[in-house]
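You will see two complexes here that share chain A, one where it goes with chain B and one where it goes with chain C.
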Partner chain A sequence: MSVDERSETIRFEFCGKPVEARAGDTVASALYRSGQRIFTRSFKYHRPRGLLCLSGKCPNCLMNVDGVPNVRACITPARAGMRVRHQNAYPSLENDWLAIAQRFDWLMPVGWYYKTMTYPSAWHAAEPYIRKIAGLGEPPPAGSEGGEYEHNYRHAEAAIIGGGPAGLQTAVELGSRGEQVMLIDDQPALGGHLRYSRNSGVAAAELIADLIGKVQKLSNVEVLQGCYCFGLYEGNLLGIVEPNPHPNAAERLIHLRTRRVVIATGAYEAPLLFRNNDLVGIMLSTAAQRLIRLHGVAHRVPDAGLLSQAGARLEWDGGKGAFVSVDLPSHVAAVGDVTGASFIAASRLPPEQVMASKRAFVCLCTDVSSKDLQDAIAEGFDHIETLKRYTTATMGPCQGRMCQLSAISVCAHETQRSMGATGTTTSRPPNPSVTLGALAGARHHPTRRTPMHYEHDALGAVWMDMGEWKRPRFYKTQTNSEEKACVEEEYRAVRERVGLIDVSTLGKLDFKGRDCGKLLDKVYAGRLSDLRPDRVRYAVLCDEAGIMLDDGTVSRLADDQYFITTTTGNLEFVEQWLEWWLVGTGWDVHITNMTGGVAAVNLAGPKARDVLAKLTSCGLDTKAFPYMACRRAEVAGVQALLMRIGFVGETGWEIHFPAEAGAYLWRTLLDAGREFDIRPFAVEAQRLLRLEKKHVIVGVDTDALTNPFEAGMGWVSKLDKEDFIGRAALRRLSGEELKQILAGFIMNEEALPEDGAAILVNGRLAGRVTSARYSPVNRKAVGLAWVPAELARPGAEIDVRVGGRLARAHITQQAFYDPEGARLRM
Partner chain B sequence: MSFLLRCPHCGDRSVYEFRFGGEVKQRPAPDAPEAAWVDYTYTKANVAGVQKEWWYHRSGCRQWMIAARNTITNEVLETLFPER
Partner chain C sequence: MIRKARACGCREESPIKQTALFNTHQHSGASLIEHHGWQVPACFSNSEDEAARVRESVGVADVSWMLKFDLKGYGLKSPLALGEGAFSWALGPLHALVTCDPSSRREVMDRFQGLRTAGADLALPPPVYVTEVTSVYAQFLLVGPHCREVLSTLTSLNLSENSLPNLSCGQSSLAHVHAIILRQDLQGIPAYQLLVSREYGESMWESVLHAGHEFHLSPFGLQAQQFLKV
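Now for the complex of A and B:
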């Protein structure tokens, strides 16, 4: 498609001014016709730059289009209403204040950063200014309404990259054989160089029209027009970007998996090195042809980036004057000019005086001149890969397309090596560059809500995120919305009357089969095979190094059935861990993840029994239903599993029941509890309640190196079991002296340390706080902390850093509340 | 990393559907010397070449399998469910 002069014009905006464009125009061609000559300012020296390649390969026309920075204007079709802005220049492209940088090029020699910023203080002082000036383009401001990005997964038997004559010919051949083919072309229309080259003539036009006609007739050949392939990854995965796939999406990233890849990316012209070779108006001959033929042969380089990504080796061919790809992997083929087959060598090296010029630009992206390369080589960076990293040549937006050949020839000349011996730099994806939006895809965050979610909402829940789950942190009341006061009210309800908390986020696994006891004995540190039906036991999971992975309750429902809870965040891991140890054993165990299908609440407090008794016929007195027992019974007509356990330290029942009854039973329990002044309580109050009982939360109070002995929970592992995961390590650890211990502490004064606060002993860092809360019972802050083992004795004094000062605290052995656990057994 | 793994249930699938489970190792007997346990727990062969390793098909059949993978090329030569 070339510009049709009879077609109607459209308008877009360039820096606030209207610009006319015709059908077939790109942003760059329309701007050029409107008289614009400077398209960008260079990276370092802010030299004016104009159109150079007109094929999306150089950095000279990067602009901001509709808020997206670094858009290649020369291959972006003009659309009505688009807003185009220049970048890297202020106030305008024609008059850029930072152009003054050109006069100070002597201040910025090659390796400037490394030579100047040799002290951290110098860098910290200069950083804010450098960050302001350096870089290309600005990211869209946070929260700005950009288009959506989407991902798309496709499969094909063959993918052809490049819609020039070679690509089209291959598409026709493979398509006629019945193969499912995808043809990817990054230009506005098919035809490649035959669309514009001067000597192509009528015959070429007919050839192209014929090939395009054939391709269009083949229903098994799909053409992705205006889409660019930025990477060829292992397993023949191609990364392809489709701009503006539909009005609601900015870009679509296509993950194309294919059996074979045919690379027909052709060749392009690379700029020559001469003084002021970057001036506006100097453009590649192919660019001029494109401007003339489409919108209104010198040094050719095979476009072999994808081939080298595929693992091909690049070898210098002196006769062709080009690096050609050899040793292609079997699933990748190359056709057309990308093979370099039709190339004829041209003289390459520029004369000495040009080589030593600060104004002969090798790298247009980051303003690296031939003189910079010479200096770098003189400084010892004479290998092409180190030269690249030191000077940043080939590392800009063009990824070496414009500059690699020049850089290699300067390096070869200066080091008196051949082009072949000098070699090439490594091409890696993405090339060309890809927006972060396209890689990230749609803005979609999965959220899990418990069956009682909207009940909590109605009760004034203030939410917190726990992995994918939403959990109430505390509830606002009609009289109070301040967190501290609300949490304390919830706390008092549980300690003095009765409270209800939604614990549906707990991981829940059902175990069925003859050998469940065997598996649990093998994987958990405790003994579970001898657990009697209708009883519950606390259990800890360790790895082979004896490190605590998770904890939870294990209820035995029947001889061949157990029900296990895991912490909210560890469910997936625990399920996979148990399944893994089951593989190959031949044991009769079936593990079912019940988490989403089962709701759970904890009803706790001195009046919990009175509330529950109104809704169930199950005997609830301590004789009929003792602490650490479980029963299956109906609660308000809902089949439920009741466990008498006490994470918060009061008489209470954890009730598990079908998720569909979640909201109903929640409401029914609150209604039944109204006469006892029941309150819903949430995560913050629960954390305070459990902390007063010194109940450890695995993953909060413990970390990736904690074993049960240090955590004061050595009793959970039964070392006399003949084998279990972690037994060897735990046996060894049981005989070793502990270095640090998780101990409880009470502050001596009014001060509340943050979780993670440092602990000092005699002015030296000795440990850290894992959890700390104000305890209403103790009228002081209490907490858990890692302290050196010799300090873990009652009464030992420690200093805790609180808000920049040190506050005194002392260690306690017992729980902060009801150390005998009498309230749990009432 | 974008290679395919052939799940014995689900066929060729992207590696992103799987969770890596580490090298396949022989767990020592309970009464094995401490050195054997330390070696099993902390040492990895880290083979440059074909290695047998565990993979879990997390976004598919949710089964553990063993794959023989060339760690240099990421070519997966074989996948199987271990004997039951």
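Now for the complex of A and C:
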């Protein structure tokens, strides 16, 4: 760390005590100066651990910073006022009661966890304690993280990972050619190992200053300092984390897409294996850089994680004593020490008695010793990948960077294979570890609101989510907030007077062109080309296997214009499905999605005509405006499309009009209906109303295997028309005997089954309920259910499971309410 | 043209058009006025400050009242001649979006009529089908020296000068919602028009404001827009 001695001191808090730091300090360097030596307690045995790598690679300095666990203290710049806490130790790092675990290491041989913690007995008893004792930091309570997370998307011609001499030199060269370059360096300042290796002398300092100066002059080279790249994904997409990009954000995840990637991650020193190699005070030597670089005393390991993610193969080079990357893909380059070019082999493994020690730690993250590896190999886990999974070595926060070489050496030695034959484990992102907050990004979830959203709010709407949409479930009233009573009041208003529901969430598509009829005939199961202008038809969409995908209404507005509605959740699918079948036909059809731009309400009930007549000059009597007709007319001065259809089973109009007039027309209709005691009604009441009419909701009452014949809607498919999607399958199905049928049932007694309840016949499971509600007209619960075909006859008795017991019900053929549909046509 | 609004909040006799953000604007204390039949914010605090903030950093305005037309048909093989004040954006090979100020509605509609009838061969389908989509999209104007940085936190679309120069457009996911992004600089200040389906308007507005925290992004009203245009 290059600390500026003259700078002002700042203060942060460590476990409640103030710690002083200067500009350029990291959390770890400031703590070390203040006398702190123990930084963490180990995963399993709670052994004290001190600084080891000082480069953000090992797990020895993971701390909780401002509520965020597992922050690498050695690469986190100290900021005034930050609150740092230790983790996995109680009451303190120096005096950790749980260190007693060390005494019981003989109880915890490798794999003990898998062998003893079997479900359910031991696991249930032990889980809460294990969670407390073992592990790393605790996840922060929801909503308490320091600041927010955000995402950012960048593009560049070349990305260079690593700001050491190799990376800087590459940046200068590519930058001088005019390429847009991003240089990503995870250290506090540029320069790589030349920053701290004193013995590289004045020449190195000059070299680095010169390179940094050149890079800074190039306006097309952007340096992302203190940011780490954790993954290289398909299509040269790099995942990069920028800590504290600005005061409001804890972390920013940068998605960087580039044409080329240059990996200059350099090399790092891997720890040696000896007894008690994890004691506090033992650290990788930066002072011994000269020895390392010239004589190969210690092990250097190419930092090749990203190269291997890019698809390079790692091959053991005995002469260099390292795994070096070969077969790089063409868009990725490696420069500097990451290539292993300057490496010299050094001896690796300690004597046998050290290898057999429980205290020679291979994996510092999860306390795995060389003895543990030996035991695991003896148990048969002798492949490096199975050894990794069984012992968890290389699987901790360091992601193998501290332990992989030791693990491979032990494995090779024990299995008497070469290092090359033993091979490496697979490197996958993230490397290093990333917070879940950074991956998730800002806490934003797209929400879809209808134009009348705040009108509903004012009316006491209780909201429900339908995909991304917000829809009122029912409305609380001043006298009543209980769902059942409110729904029934809404229901009665529609059946007896008049009700108004917001159906703006319906998908709406505008069709223009001479060949619209052709496309609709091809895609929908019914015939739509012969629909007369100003008429509406119900239509069902089936796939090639005759399975029902969606339903809706098709209105013909003119010879070359149709208007189609889809169910709320299926708009995107239907639009794509129609476009898909249009491609290559050469037909003159143009589809425009109007969903967001069109507000829609359904005004229904015996008094609906009286309300609407107050606001429009359009003739509304059944002769002028029959059932299943549509008209374009002004309603309260708003251009609207009126459709006389009846999902809820009463005289009613679905009114489609521009979204910007949504709130206005909603209020105007309610005002006009006041004298008839109009009520807004919502999804729950609508579901009850339609169920009494036995109207099926595709996707609720049907599933991914339902064809129209089973759903009792065989009439929707016109098998005699020209070829259409699903015709062959529907033809075949029309001649087959049905196995199960969607039938209506009425309970014989006071009992309300839940949606999805089981149906039994003679004690055997025979089907299930898809929808059931209490029907005020029948004074019993009614519903739709899948039953065996032989039972789908009026009067057949079935048993329905209701709250743990069986209740008797009988099948009905007709709708539960107004089976002739007389009220619709009034 | 700005007319002083009738008092807000009362029941209007004639329909006044509301953008998807009407409620948000009302609650933010913006003063609302009528603009081509729409209720839009005239200013949020002080128009001159709002304009200055845009020039220095970045601001966002709800301009959903701008006219938008969806054009499809083989007549779009050749570039459209729409005259001044209207902009055509290619969304696909035979698919364009036309945007213009409400004041030029008549001229633009006349031109569309011309396109439909130009060289009309009755045996062929009309060369261009026009669907007005003004209501379909919530439209935001994001403008200021820092607008690209704000936008890059919400979309993976390449916003660099080479990739998305002035008067070009792209379609991409914006805060997880499909959006049309039009680059249309305002008097030399970098600017984007963001179009998302209207029902996402409020949620998108929140996402954009949140993304701009770093640059003190704040909304600006119609008056500030007039200052910025001159």
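Miscellaneous remarks
Everything below uses one rule, namely that the second predicted complex is superposed on the first by the 792 of 826 C-alpha atoms of A that agree within 3 Å, B and C clash if a C-alpha of one lies under 4 Å from a C-alpha of the other, contacts with A are read in each partner's own complex, and residues count from 1 in each chain.
What we mean here is this: a contact is a pair of C-beta atoms (placed from the backbone, for glycine too) under 8 Å apart; a residue touches a chain by one contact, two chains touch by 3 or more.
Predicted model only: the values in this text are computed from it and were never measured.
The partner that reaches more residues of chain A, of the two candidates chain B and chain C, is C.
Residue contacts after overlaying the shared chain place A:586 against chain B, while chain C stays out of touching range. Once the two complexes are laid over each other on the shared chain, residue contacts for A:677 go to neither chain B nor chain C. Judged by the touch definition given at the top, the superposed model places A:545 against chain B, while chain C stays out of reach. In the superposition on chain A, no contact is made by A:749 with either chain B or chain C. By the touch criterion defined above, A:483 lies against neither chain B nor chain C after alignment on the C-alpha atoms of chain A.
In the superposition on chain A, contact of A:234 is made with chain B only, not with chain C. In the superposition on chain A, contact of A:249 is made with chain C only, not with chain B. Common to the chain B and chain C interfaces on chain A are residues 257. Remark: chain C residues 11-12, 14-20, 22-23, 38, 70, 72-73, 125, 129, 131, 133-138, 152-160, 163, 175-177, 197-204, 206-207, 210-211, 213-214 touch chain A in the complex. Touching chain B in their complex are the following residues of chain A: 233-235, 237, 257, 544-545, 576, 579-580, 583-584, 586, 722-723, 727-729, 732. Those residues of chain A lying in contact with chain C across their complex are 150-155, 180, 245-246, 248-249, 252, 255, 257, 442, 444-451, 453-454, 469, 504, 510, 512-514, 588, 590, 592-598, 636-638, 658-665, 667, 671.
In the complex of the two chains, the chain B residues touching chain A come out as 1-4, 14-15, 19, 21, 28, 30, 32, 34, 37, 40-42, 54, 56, 58, 62-64, 73-74, 82-84.
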